[in-house]
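Which chain is which? They are A, B and C, in the order written, and residues in each are numbered from 1.
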Amino acid sequence: MLNSRRRPLGLALAGLALAGTVAGCSNAKGSSDGGSSSGDQQFTFWDPYPQFDGSSDWVKLVSSCGKDAGATIKRTGYDTSDLANKALLAGQQGSSPDIIVIDNPVISTLADAGVLTSADELKLDTSAFAENITAAGVVDGKTYGVPIGANTLALYYNADLLKKAGVDPASVTSWETLNAALAKVKAARGKGITFSGIGTEEGSFQFLPWFWGSGADLKDLASADGVSAVNLWADWLKKGYAPNSVINNTQTTAWQEFATGKFGFVENGTWQMGNAAKLGFKYGVISIPGKDGGAAPAPTGGEFVSAPVQKDAGRYATTTKIIDCLTNPGNLLKTDTTLSYIAPIADVQQQQVTEDPKLAPWVKAVGDAKGRTSDNLGTNYPIISEQMWGAFQNAMSGSASAESAMKTAQEAAASKVK
Amino acid sequence: MSIRTADRTSRVDTRVSTREERPPRYRRLLGWAYLVPVLVYLIAFYAYPLYRNVELSLRDYTVRSFVSGDARFIGLDNFREVFSSPTFASAIIHTAIFTFVSIAFQYVIGLALAVFYNQNFRLSGTLRALFLVPWLLPLIVSASTWSWLLNSESGVVNAALEAFGLPQINWLTSPTWSLIAVIIANIWIGIPFNLVILHSGLQNIPDELFEASALDGADAWRTFRHVTFPLLKPVSAITLLLGFVYTLKVFDIIWIMTRGGPGASSTTLSTWSYQLGFGSLLPHFGPGAAVGNILIIVALVFGLLYIRYENAQAKR
Amino acid sequence: MNRALKTVVGVVLTAVMLFPVYWMFNVSLTGTSDMRRDPPYLFPLHPTFTGYQAVLRDQMPYLGTSLAIGLGTVVLTLLVAAPAGYSLAKLRPLGGQPLTFILLIAQMIPGIIMAMGFYAIFLSAGIINTWWGLVIADSTLAVPFAVLIFTAFMSGIPDELISAAKIDGAGSWRTFLHIVLPISRNPIVTVSLFAFLWAWSDFIFASTLNSGGTMQPITLGIYKYIGNNNQEWNSIMATAVVASIPAAFLLVVAQRYVAAGVTAGAVKD
């Protein structure tokens, strides 16, 4: 009787010891990193790139910037949707990292929480950076970080499919011409356009070019222009120009649909350039058209580098050095090429285009782009965004008309913003 | 009759009874010695987070006051905000539907499978073990796989429907079907739990009872109704109660599949709590915690009902 | 129904239940251009092995850590819960019933709330970002459930057996070790199974408490393929497939103990 009880327990303990040894010996490369040299101070560094481990260019760059500044960097990569909450939690517990790289619309939230130091306190020079990109990190006139790179949205098109359908991509310059092109693609037995209309910030991100391109302003969702943008999307679904799956699509899923070769257009971003090269058909990129012509302003994606508040203000000197190192023009070219971002400094942008001409339409798009939290929307933006995505979700799924959906959204947003 | 006697001796009593034969005082104090680890657990790991959650719901937490820790006490304002929100009614209704339908199907299917696999045929053990494989998968994988299966355009379920000439259903993107889609996925995830516990309960029924029943001339269904099911009542009760508690908490599946949408068509109290707290770029901890506490209160009520049921059973 | 037919039905039922798992396997071998194909391929007709290459290259340490955490959780849960179940079932201390009720309620606290609370505790105790700290956190998923299960099953052990041991001069601890535990093989295996499975698939605790650690479980390892804008689904699914294999093996082996426990757990009058 004793044996039968001991055996499973013994087995478990043996397994435990074995597993522990295996895990310990094959020392996890993990997504955290730290080289050490005695005498250096240890600085913590958080970023939203868990896909990069110790052997990647990004981590090597971070470590070397640290060494140049006289610090050993302990770097951890987190899931981006989680990083804001972790930053808040760490701020509450007084264990904030020294440097954080985080999605640009979150900067105003963290600044509002008092977690970040301003560029003035850090004595950081932000004049070289393009204004429309830096604007996302400006709260009440103070800058709370510098952009590390920008990306934005444009329309990729399937050149082969459009040719078959008799559509000239250069003719797509307004909503009208876009709809005409979609009709032609559908007539040629293709599927029109796909995008991400999911009920998260990703969906809002994809909706904004159409919203801003109609002339609407985030401070008034229920304007006629804003409603027309929602109607654009809802009509696409009704007419069959866009598949029903867009209601739940992430940007990755939308890209996968495009990659099947059946779609004429996909609204997607700079980061897909690497994948675009692997497509089984010829493709091209055009700016997202505004309602009445011209390029629509698209929202800026991309992260900012920022310095959370530390108890020991003496650390800021080294922190500033590290941030300078990461974002100086020389290193920016390397960083942004690795991350598939457009540089936030005009000169470096030119260098990027020289090296890779395919980036030209993207540089233009980034030049036309706008920060979501700009216009001093700051922490009001997430509130408005949440209502906005609820509205277009309801309109696309047929539970409400575009007008009533946006009206409800505007009322809810207005009651909650500061 | 033999069945009656068996009923009393091998009934699994989940209630801690205070019957005639009270153990001596020393014994009872000694009992607490065994409970020390669990008590430490409860205080450190449950009481503290629960206290934090109640506190979060009673104060006005902005991101700034969350970080600095000096939020204003506002009493039940967060709860008032939650009750008057248009989403509240939908969340309650959806939670009720989601929970009761899921549990009903999970339990019935789990029970049927447990009885079926309890028989000793070739591979019955291995096949039953394989039923647990879904639990090995991180929820992000299982939920994503179901999203894949139920995709309006490229999902295999719609492809099958099309092959049979049936209309395609927008499982995840239609307000009518989104709740049904997440219920289906949740039933799938819950079956192994019911299967394992009910099977364990079945193992505890001595073979002699089944033999006696067969000798009495009862067929499979009668044996089930008069022998198996009554003897499984205590185990069933705890399975259903735990299933209820766990289903109330279900969040990952719904969140990954539909985010509670479109609109609020598949929002339950659990997803709403997360959405308020962490769902947008601006966390709204107060109302999120308030909804979380409402959930806990609902579970408390059902827990009390269970205890009353148990007491009534013991008195019989 | 004869036995062969039962086996066939059994196989069909299991196959239906595991179809989504098969689909996961299917996706792991699918290339990007076929992922959203309408209608989808039932079999990976143009397989790509990049997912598996990525997994074998990156994920092995994570698997080892997950295994260690899973087994550690099992051991800790059994150590804490089995004596508690024995006490509540047999020693019946005063206030035992409220305690059972509290254990029930304890399971209601949403995971994210627990995780946020733990963050503060673990940070001050200095055990944040350790794999064995995660063992403690993951065991909180299983302990209340385990205590309830042990209490339930141990209540069914006839008092005569306990009194017999007492007459032989055994104290409560010896009775526990030599009489109660050996009979309790069923609940021990049941509890172990669930403790392992819950620890294996836990994400919220791992993410909050061990994101910065050097030894991370597989649920975090998967995030290597979930970038901030791009997700590599075939790698994600391949990770899940590879992660399931050793655990599935453990499951099949463990179920033998439940089956063999029919006579061991039976109660003779």
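Here is the rule we go by: a residue touches a chain if its C-beta (ideal position, glycine included) is under 8 Å from a C-beta of that chain, and two chains touch if they have at least 3 such contacts.
On a predicted model such as this, the values are computed, not experimentally measured, just so you know.
Should one ask which of A-B and A-C has more C-beta pairs in contact, the pair is A-C. Centroid analysis (C-alpha atoms only) places A farthest from chain C. In terms of their C-alpha centroids, the spacing between chain B and chain C amounts to 16 Å.
Spacing of chain A relative to chain C, judged by their CA centroids, is 35 angstrom. Among all residues of chain C, those that touch two or more other chains are 35-38, 116, 120, 233.
Residues of chain B in contact with two or more other chains: 151, 153-154, 278. Shown for chain A are the residues that touch two or more other chains, namely 257. Taken together, the chain C residues at the contact with chain A in this complex read 32-38, 58, 60-62, 64-65, 67-68, 71-72, 74-75, 78, 116, 119-120, 123, 131, 178, 181-182, 185, 188-189, 192, 207-208, 211-216, 223-231, 233, 257, 264.
Chain contact summary for the complex, chain B toward chain C: residues 9-18, 21-23, 27-35, 37-38, 41-42, 44-46, 48-50, 52-53, 113, 116-117, 119, 121-142, 144-146, 148-149, 151, 153-156, 158-159, 162, 188, 191, 193, 196-197, 199-200, 203-204, 206-207, 234-235, 238, 241-242, 245-246, 248-249, 251-252, 270, 273-274, 277-278, 289, 292, 295-296, 299-300, 303-304, 306-307.
Looking at the complex, you find that chain A touches chain C at residues 1-2, 4-5, 8-9, 12-13, 15-16, 19-20, 22-24, 26-32, 48-51, 53, 74, 76, 78-80, 82, 86, 89, 93, 95, 103, 151, 250-253, 256-257, 259-262, 269, 271-272, 275, 278-280, 301, 303.
Within the complex formed with chain B, the chain A residues making contact are 84-85, 88, 91-92, 105-106, 109-110, 112-115, 198-201, 243-245, 247-248, 257, 379, 381-383, 385-386, 390, 393-394, 396-400. Contact residues on chain C toward chain B in their complex (touch as defined above): 3-4, 6-7, 9-11, 13-14, 17-18, 20-21, 23-24, 27, 35-40, 42, 79-81, 83-84, 86-89, 91-94, 96-97, 99-114, 116-118, 120-121, 137, 140, 143, 145, 147-149, 151-153, 155-156, 158-159, 172, 176, 186-187, 190, 193-194, 197, 200-201, 203, 218-219, 222, 233, 236-237, 240, 243-244, 247-248, 251-252, 254-256, 258-259, 261-262, 265-267, 269.
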